[in-house]
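The structures considered in this document are given below.
Okay, so chain A shows up in both of these, paired with chain B first and chain C after.
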Partner chain A sequence: MSGAALLEVAVGGIAIGCVYSLLALGYSMIIRASGIIHFAQGEVMMIGSMCGLSALWLAPALHPALVLLAGMAAGGVLAGAMELLVYRTLRRRRVPLMNIITATVGLSILLMNAARLGWGSEPLRYPDLFSGAVEIGQLRISPQLLWIAGTGFAIMIALQLFLSKTRPGLAMQAIAQDPDAAQLIGINLSRSMAGTFAVAGAMAGAAGVMLGSLFFSFFEMGFITGLKAFVAATLGGLGSIGGAMLGGILFGLIETFGAVFVSSAYKDAIGMLLLIAILLVLPQGLAGLRKRGR
Partner chain B sequence: MSLPRRSLLAAVPALAAPALAVAQSRDPIRVGAFGPYSGSAAAFGQSMREAIDIVTETRNRAGGVGGRRIEVVHADDGGRPEEAATIARRFATRDRVVLAFGSVSSPASLSASQVFRDEEVPQIVITATSQRLTRLGNEWIFRSTVPDRKQVSDLVDFIAGKHPQARRFATICVNDDFGRGGVEAFGEMARAKGLTIVGEERYARGDIDFTAQLTRLRGANPDAVLDWSRYTEGALIIRQLRQMQSNLPIFGSDGYAVPAFVELAGPAAEGVIYVTPFSIATAANNPVAQRLAAELRAAHNKVPDGTHALAYDAANAAYAAIERAGRAERRPIRDTLRQTDMDSTRGRLRFDQTGDPTLVSPVVVIRNGREADARA
Partner chain C sequence: MRWGTPVTLLAAALLPSALPDAFLLHLMTSVAIAAILALGLQFLLGVSGQLSLGQAAFYGVGAYGSALMTGAGLPFAAAVPLAAVFAGLSSLVLIPVTRLRGPYLAVATLGFSIIAYLVIKNEEWLTGGSLGLMGISRPALFGERLRDPAHVYWLCAALAALVYLGLRRLADSRFGRAAHAIRQDEDAARASGLRVTLIKSQCFVISAAVSGLAGALFAHHIRYLGPADFSFWKSVEVLIMVVIGGVGSAAGAILGAAVVVLLPEWLRAVGDYRLLVFGGAVVGLMLFGSGGLAGLPGALRRRPEARP
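For the complex of A and B:
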């Protein structure tokens, strides 16, 4: 295989990896703050994708950045509302964590069916946000993929800055580390927790618009993608922000290259086998490579 | 049972009063229709149901068959083989149908056919293309659509005749009976015509990212791509291939032959060529197809899709056979059905000794977002 073809595959792998990373970030942020494995994350992504598409239907000439914002807003509001209306109530009633996690599965099925009602059960096509190709020497790359990779990285950097430099971001970090101490120094737990879910939802919404524009929007699209992103988060080390980013991109690359060099028909199986192999060597995931992985 | 029948009759009083007076005097002739009226293939089931109902209503308005009304018992198999078998048993024993239409998918049609064979009920399969269905020595099965191997051979003939420059083919298919069956048949028949297969790729049903497969296919340096997919995956494959800036000609399966395919693939669908059991684009001069189009427009304001045409032909053939048989009994109906020779939406329809139609499949190309006759 030529070098140019390899690079094209790599760009494709990184782009899909960015989608996994954004979703995996959501999983990790939520698990760190609340202990909940948020299985509805994939469906939040799907709703973000659908809302981005609906925004495009309303305004066909909408700039891709605004479509992305529409998806992020929808995902953020939805996930924030789920925390405020469902998970917080369950926690206050002292429902065991495992049961709350089961509730997230229930919500994911509910969202899937709601989307089926609202947007129908047929896959929906995103209009092409970009056309033509970017040519670099022999290399011809779809601008779609470059946009996804570029935007994905930009959002992840923005998230890092938000978490390390702003007050609400630091508050979220604080409740993730020690909720009691955080409350003692005057952080509003309820608000910060809802904020964490909203940020995680916005990440998922962005992933939804990206995935939709690359493929299409479909009421079932969140299931397998959400699962893979969860695997990516595990690969990175559940609860680790950097690990989730790295895990997503690595999983995207493994999956794509595995399909090219091993077998394309059993691509999903290859990804999962590698996950098990990596966890055998690094039980804490990639975050375990660093001494202070949490 | 008697209540819904009476209410059905009550719903159409003014339409054909004299004919109905005769029809009412005797019990209706009952036929069964089963397909996926719910679930992921519901669109096919819906089309099948609409076409059968249109033919039945027209028949009944004109006096039915031999003065007796036809009553269609519909049942939803949801695309599930076990459900189809249960329905077949019920049709044969409780509903006592003289003939059954169905189903859409090959597994559901196959499992029902085993029951119909035991119970000796004539069955007309609508859209299921699996070759096996009619190759098991079952004398009670007929099929409206052209089976997969015949479709493949029609496509290969078309390629050899119209696209002689395409010599080296790379294939991609969904990793199930439908996909593998199509690609294997294609390989066999294409090699017989002197074409070569330079690459073969598969993917799991429901996959959305085909970067890896398409990269490998392009690496094999083919003249053209053959894709044996259903329309959702097919649309993605085409879009992703075009996003890779590849202009390779694409030949596809009858899985593309639904309006949603062009909808999903968008501009990438332009120039794609596929084989289909029926296309309104190649039926401009066919009076039966035009009649179907007019009736469907009047009843549902729709343009006929492939399933409409296949079900329409099946129902017309069935009712004509019941009429020729002269009595509403299963065995005579089966025998007259075998002697079918009539004008259909796809030309002259006859069944061979296995029960398959002796028709040549249309091949279409997408131009300006619509099907056009590729042989023209």
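For the complex of A and C:
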């Protein structure tokens, strides 16, 4: 395989990796703040994707950035509402974590089937948000891929700034580290928790628009993608923001190269095997590497 | 509760005479098989506190194992237990993983389940690939093919009852109490001299073997196997059964299995909204209380006392 083709595969891997990273960030933020494995994260992504597409149907000339924003808004509102209406109620009743996790599965089934009724069961194509191709020498890279990778990185940097520089972001970090101490210094736990879910949902919504524009929107798209992103988050170390970003991109690259070089039928298996292997050596994921180094 | 078990067993045994419809009996057989599957996870999660999202893999090993063995000429009565043993053995691959905790164990078993699904889907020479295996033999006992759906039901219900009683005895044994201690506090259990990793692995293997038994019965009950029945959804379904029933309650697991199998069938009346309602019902049941269905009577009993 020539170097140019190799680079094309790599760009594809990074682009799909960005989608996983954005989703994995949501998993990581939620698990760190509340302990919940949010199985409905993939469905939030799917709803974001559908809403972005619907925005395009209403206004075909919409700027891609606004489509992305529509997806993010939909995902954020949805995830925030899920926290306020379901998970918060469950937590207040001191229900075991296992039950809350099962409720996320229930919500996931609910959303998937609601989308099937609302948007139909056929895969829906996104119109091309970008045309032409970027040519570097003999290399042709689809603008979609570059757009996705660029936007993905921009969003992740924005999230990092939000979490480390702004007051609401710092409050979210605080409740994740120690909810009692955070409440003692006057942080509104309820609001920060809802904020965490909303931000995680917005990330998922962005991932949905990206994945939709890369392939298509489909009511079942969230399921397997969500699982893979969860695996990516675990790969990076659950609860670690940097780990989730790294894990997602790594998982995207492994999967894409695995499909090209090993076997496309077993492309999902390669990532899983690697995951099990890594967990055996580093039970805390890649984030455990840094702790061990200290 | 002392009367509960014999009365339920009697009711389960008399069910075929009360259900004249062959389809309903077929469904009840599916409930019995699902109950075995749920009891397997209930033992793992409720007794030893390990969350597995890979039960579908062991269910699949049991199902394909038994189907292939009877296909090769082995009698049903030998193939089914052998398939369960195979499923138990296949879980040994994952033993190194049992030292992982909480979500990490869940993800590792989830990964295993996805690999197993892909093997079932792609290895056509062994499993028939996406087309699946057809014409699997009927269950047979003492050289007699069981053609009457009531007989198949009795067989599966009896095995479900045996698994229920067996796992309950095991949970109350010295071994089961050790597993309980690990679930409550792994470090304290280790400090008291329990061989934590060994006990956790043993629970894992037992749970896998029970799932394999359910899979083997499923193969001969439905008599067709395709990859779709062994996807990650199956693992999720089992988890829903256990949690709806109430983690820690074996009777609840059976109840949960009945709900998960029967509710979507019953909801066929609402057509396209079927799974929508099912998802809503799962969320609603979680809102009821911590004990799931098994905790409902207790929750209802407690409520009047709470009022002044």
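The working rule: the second predicted complex is superposed on the first by the 291 of 294 C-alpha atoms of A that agree within 3 Å, B and C clash if a C-alpha of one lies under 4 Å from a C-alpha of the other, contacts with A are read in each partner's own complex, and residues count from 1 in each chain.
We adopt the following convention: a residue touches a chain if its C-beta (ideal position, glycine included) is under 8 Å from a C-beta of that chain, and two chains touch if they have at least 3 such contacts.
The shown structure was predicted, so the numbers you read here are calculated from the model rather than taken from an experiment.
Chemist: Do chain B and chain C fit side by side on chain A after the overlay, or clash?
Modeler: Here chain B and chain C can both sit on chain A without a clash.
Chemist: Which partner does A:Arg94 contact after superposing on A: first (chain B), second (chain C), both, neither?
Modeler: second
Chemist: Touching A:Asp268, do we find chain B (first), chain C (second), both, or neither?
Modeler: both
Chemist: Of the two partner chains, chain B (first) and chain C (second), which one does A:Ala5 touch, if any: first, second, both, or neither?
Modeler: Touch status of A:Ala5: first partner only.
Chemist: Would you check which partner chain A:Ser142 touches, where first means chain B only, second means chain C only, and both and neither mean what they say?
Modeler: A:Ser142: touches chain B, not chain C.
Chemist: Taking the superposition on A as described, I'd like to know which of chain B and chain C A:Ala61 touches: first, second, both or neither.
Modeler: Touch partners of A:Ala61: none, neither chain B nor chain C.
Chemist: Scan A:Val281 for contacts with chain B and chain C and give back first, second, both or neither.
Modeler: neither
Chemist: In the superposed model, does chain B or chain C contact more residues of chain A?
Modeler: Ranking chain B and chain C by residues of chain A touched puts C first.
Chemist: According to the stated criteria, A:Arg125 is in contact with first (chain B), second (chain C), both, or neither; which is it?
Modeler: first
Chemist: In whole Å, what is the nearest CA distance you get between chain B and chain C after the fit?
Modeler: It is 5 Å, taken between the nearest C-alpha atoms.
Chemist: Of all the chain A residues, which ones make contact with chain B and with chain C?
Modeler: Residues common to the chain A contacts of chain C and of chain B are 265-266, 268, listed in rising order.
Chemist: Within their complex, state which residues of chain B touch chain A.
Modeler: 40, 42-43, 175, 201-204, 206-209, 211-213, 215-216, 218-219, 232, 235-236, 243-245, 260, 263-267
Chemist: Spell out the residues on chain C that touch chain A in their complex, using ranges where they run on.
Modeler: 45, 51, 96-97, 99-101, 103-104, 106-108, 110-112, 114-115, 118-119, 121-122, 232, 236, 239-240, 243-244, 247, 272-276, 278-283, 286-287, 289-290, 292
Chemist: Would you mind writing out the residues of chain A in touch with chain B in their complex?
Modeler: These residues of chain A touch chain B: 1-2, 5, 8-9, 12-13, 16, 121-123, 125, 127-128, 133, 140, 142, 144-145, 214-216, 218, 221, 224, 256-260, 264-268.
Chemist: Quick one: in the complex, what on chain A touches chain C?
Modeler: 31, 37, 39, 86, 89-90, 93-96, 98-100, 102-103, 105-114, 116-117, 227, 230-231, 234, 238, 265-266, 268-269, 271-273, 275-276, 279-280, 283-285
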